[in-house]
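There are two complexes below, and they share subunit A, which is joined by subunit B in the first and by subunit C in the second.
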Partner chain A sequence: MTHDAMIDEWYPVGLFSQLDTNARKTALMGRPIEVAVEAEGHARVTSGDGRSLPVCVRYGHVWSSLGKPQKDLFAIPEADQPGRTLVDVGVIRVRCSPLRAVENFLDIAHFPFVHTDILGAEPHTEVQDYKVEVRQDADEVWATQVKFYQPQAAKSASGGITTEYMYRVPAPTCCVLYKTCPPRPGEWDVITLFVQPLAEDLCDVWPWMALFDDATPMTDLIHFQQTIFLQDRSILENQIPRLLPLDPGMEIPTRADLTSVAYRRWLKRHNYTYGAQLVAQ
Partner chain B sequence: MPARTPVGPIALWRSQSGRAAASADRCPHRGMRLSHGFVRGEALSCIYHGWSYARAGNCLRIPAHPGLAPPETIRVPTHEVEECDGVIWVAVGEATAQPPRLQGVVPLRSLTAHAAVAAIEAAAGAKAGVDGFAWQPQSKLQIRLLLVPQGAEETLIHVLLDDDSSLSQRIAASRAVETLRRTAEDLETKATAP
Partner chain C sequence: MKLYDYVLSPSCYKVRLMAALTGVKLEIRAVDFHPGAEHRGPELMALNPAGSIPILEDGDLILTESAAMLTYLAAKAGPEWLGSGAPEETARLQQWLSFAHRLTASLGGARLHEMLLRPGDIGTLQAQGIAALRELEAGLVEQGLRGMRFLASDRPTVADIACFPYVALAPDGGVPLDPYPAIRLWSRAIRSLDNFIEMPGIHRLHELKREHVEPGEV
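Let's look at the complex of A and B:
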């Protein structure tokens, strides 16, 4: 097996609130692992060969790695801000590359067609120019000033509004989305996508949210997000090839896809290629 | 709808004016299967970002950039399609001849067998030509079968019947072909058993 830089990254492997001493059997990058939370409340992750793997608990999830993470898990300062409702959405299994799942999350042009009448609707299909950069200090991909018309942007939104977004990719299979918050102008709702790579073409997707919304019942918040992700799954499981092509030429991006272009380049530059297809076929 | 051909999966669709068309089942934008798309007017639109394609394969519209005329270079490979006698024919590569005429018969049904073309031919005791083969499982029952390989192990069987067949003949034909499929699948299993 070739060494992939992604081996040393942190990955979500379970929801802390749903784990107990009975080990949850799952997988990470093709290897079986077991995740448990011991009686004293410590999370423990063990590989199939009995090795104890690195562990941290953050943003509702237990995180682990098959390699040696060089740094702490990325920070989401908003997660600790008082007044936010933290939502453990749960898991959705998708038969696609973990990288394809992240790229889809970075994409707004599909809203009117895939999330019709929720996150988008014809004829409001135009994607206005936005800004994309790789922030050198933190080495993260950022897209800002992303604006899109939405019929029902969030569970707390009533009626159509133009929503502003910021996207941030702090790790190869994680994405943090900041989104205009209808009840609190000036603040951003945080919606994340944490992807657990089970194999190069299979992943468990763990969405998580930190919202300013104390009006909507938790089950409705979860249900709303699950509906959205099930719609995304019907796309993700039908893209050809299953792996994310990193060589330009295989797919045709436009200006609306600049975030995806930056993400693919960033993956390639860091040799983050688990779930990627390098040679055009 | 999706269909399988010897040159890979295709998206088969019918425009509003009724013309059949076939393209590769992969959107050049981000690889989504076009067979999941939707038809509007004379164009097929991809379900992911709504890019739409003409029957000739050229991209007509990119909804994210409504003011932009898509460049000629954005196109999806297409296949020639002919519709005659109730059957849609797709050419793989350059079509050198018109599809065979199948006069006096009407399509009854299509079914997939987990068996190669050879096993079905063996089960029916016939050899298929371009226009399939005629098969007479019992007297007064004249069936025409068209066989389309779906990869190495499966075959799509199109069943056609005399256009003046009675209801009971149609039911009998349907049953006969199901029996044929079972026989062919048994032959196939025996042939591949170690």
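Let's look at the complex of A and C:
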């Protein structure tokens, strides 16, 4: 793979709470890296050739980059809001393109079929009209006014509700989802998918959440999100082609795919192509 | 009856599935297996020195082997799941009940490695998993020749429930099921049982679901 713009982005490389002085051996975009915590408590990320890589610790995770990040990691202001429960869901490896993992997270239409009786149920399969834009100031993809009927939208939800969503892609392999918060109307629950690209067709996925939910035990919150993601995993591993197609030649999107179309165009425009297929084969 | 449970564990799912099929209500105690490694913490190690889950607690009885849990649930609530008692059937049932350990060690190990980054020699785990699947495929074909659809009998027994989860989830560990037609038919027969429940990675048979009909519509 030639140099592309994704080299200068921040990527999650580990849970900060799980680091110790024994380095965690992992990889970033095909290169081996090591993640460790130093005696004084700072995270340290080293490339295979011994180079110290940029580090920041945010949203429960250690972030790093093989290149030179031009800006700070994207902000999630809700993460600092008092009263939220912050949930480290833990890593799950998926044999798929990191871009496909994000695109699947942006899709609503699969809920009744893959997350049956949790995030969707037949016959409530219609994706109503919603809005998609690339916000020029922040250079992020946003989908708003997304509404969907859900039998059990969150661990804190009892019974079916029509849930409202906003999706936000602030970085090529990260997605932030804002979702109706059953115990606290007016606020949004924040559910993220941070994806570490190990190779173009292999990734470690680090879901993370910032929720208003005092009632549900932490383990139940973790298991709820792991359940959802593991329902997606087998689908993701079977998608063909393995890389995310950025050439529109082979696929016909529908109205429900507006977010995916905007995401793919945004990737292409920025030359974010690690894990992408540029010419239909 | 209290089950120390992890939602992504195929061994825990065996017990949840058996309980659902026999109509037993379980009290679920969620264990933070990943990322928290709670099963290796003092509370659970005191219950099960092996440091594994599931653990099933019923009064004074504490079980740490899933085969024993399936047998206990069947004996209490669904004796037909223990077979007819005929010598050959009993032997086959015990044979596959023990065989399930090989599936756990091989396919289960491959799945933990590929999914949750647990250490292991992935090539060896997958090769051992494939060997076990071939043996199971042959066993099911032979049962088919005897006119039986399940591992020990013409009706499902605890042996089928012991083997089913790790087999159905083999693709999670990078072992495809495409080469095994008898296994796929058997898996379908299990998934279409009344009161079957799924787990992440084992999808419901949508096409068997009854169409929703409003009262008075017919």
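The working rule: the second predicted complex is superposed on the first by the 280 of 281 C-alpha atoms of A that agree within 3 Å, B and C clash if a C-alpha of one lies under 4 Å from a C-alpha of the other, contacts with A are read in each partner's own complex, and residues count from 1 in each chain.
By our rule, a contact is a pair of C-beta atoms (placed from the backbone, for glycine too) under 8 Å apart; a residue touches a chain by one contact, two chains touch by 3 or more.
The structure presented is a predicted model; accordingly, all values stated were derived computationally and were not measured.
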Subunit B versus subunit C as contact partner of A:36, first or second or both or neither: neither
Partner chain in contact with A:226 - subunit B first, subunit C second, else both or neither: second
Partner chain(s) touched by A:27 [first = subunit B, second = subunit C, both, neither]: neither
Touching partner for A:5 - first (subunit B), second (subunit C), both, neither: neither
Subunit B versus subunit C as contact partner of A:95, first or second or both or neither: second
Subunit B versus subunit C as contact partner of A:55, first or second or both or neither: neither
First (subunit B), second (subunit C), both or neither touched by A:239: first
Subunit B versus subunit C as contact partner of A:113, first or second or both or neither: both
Touching partner for A:122 - first (subunit B), second (subunit C), both, neither: both
Shared contact residues on subunit A - subunit B and subunit C: 113-114, 122, 234
Partner subunit A, residues of subunit C touching it in the complex: 6-8, 30-32, 34-36, 38, 114-117, 171-172, 174, 200-201, 203-204, 206, 209, 212
Contact footprint of subunit C on subunit A as seen in their complex: 15, 18, 88-93, 95, 113-114, 116, 122-123, 204, 217-220, 222-223, 226-231, 233-234, 237
Partner subunit B, residues of subunit A touching it in the complex: 107, 109-110, 112-114, 122, 125-127, 234-235, 238-241, 245, 250-257
Partner subunit A, residues of subunit B touching it in the complex: 25-26, 28-33, 36, 46-50, 62-66, 68, 74
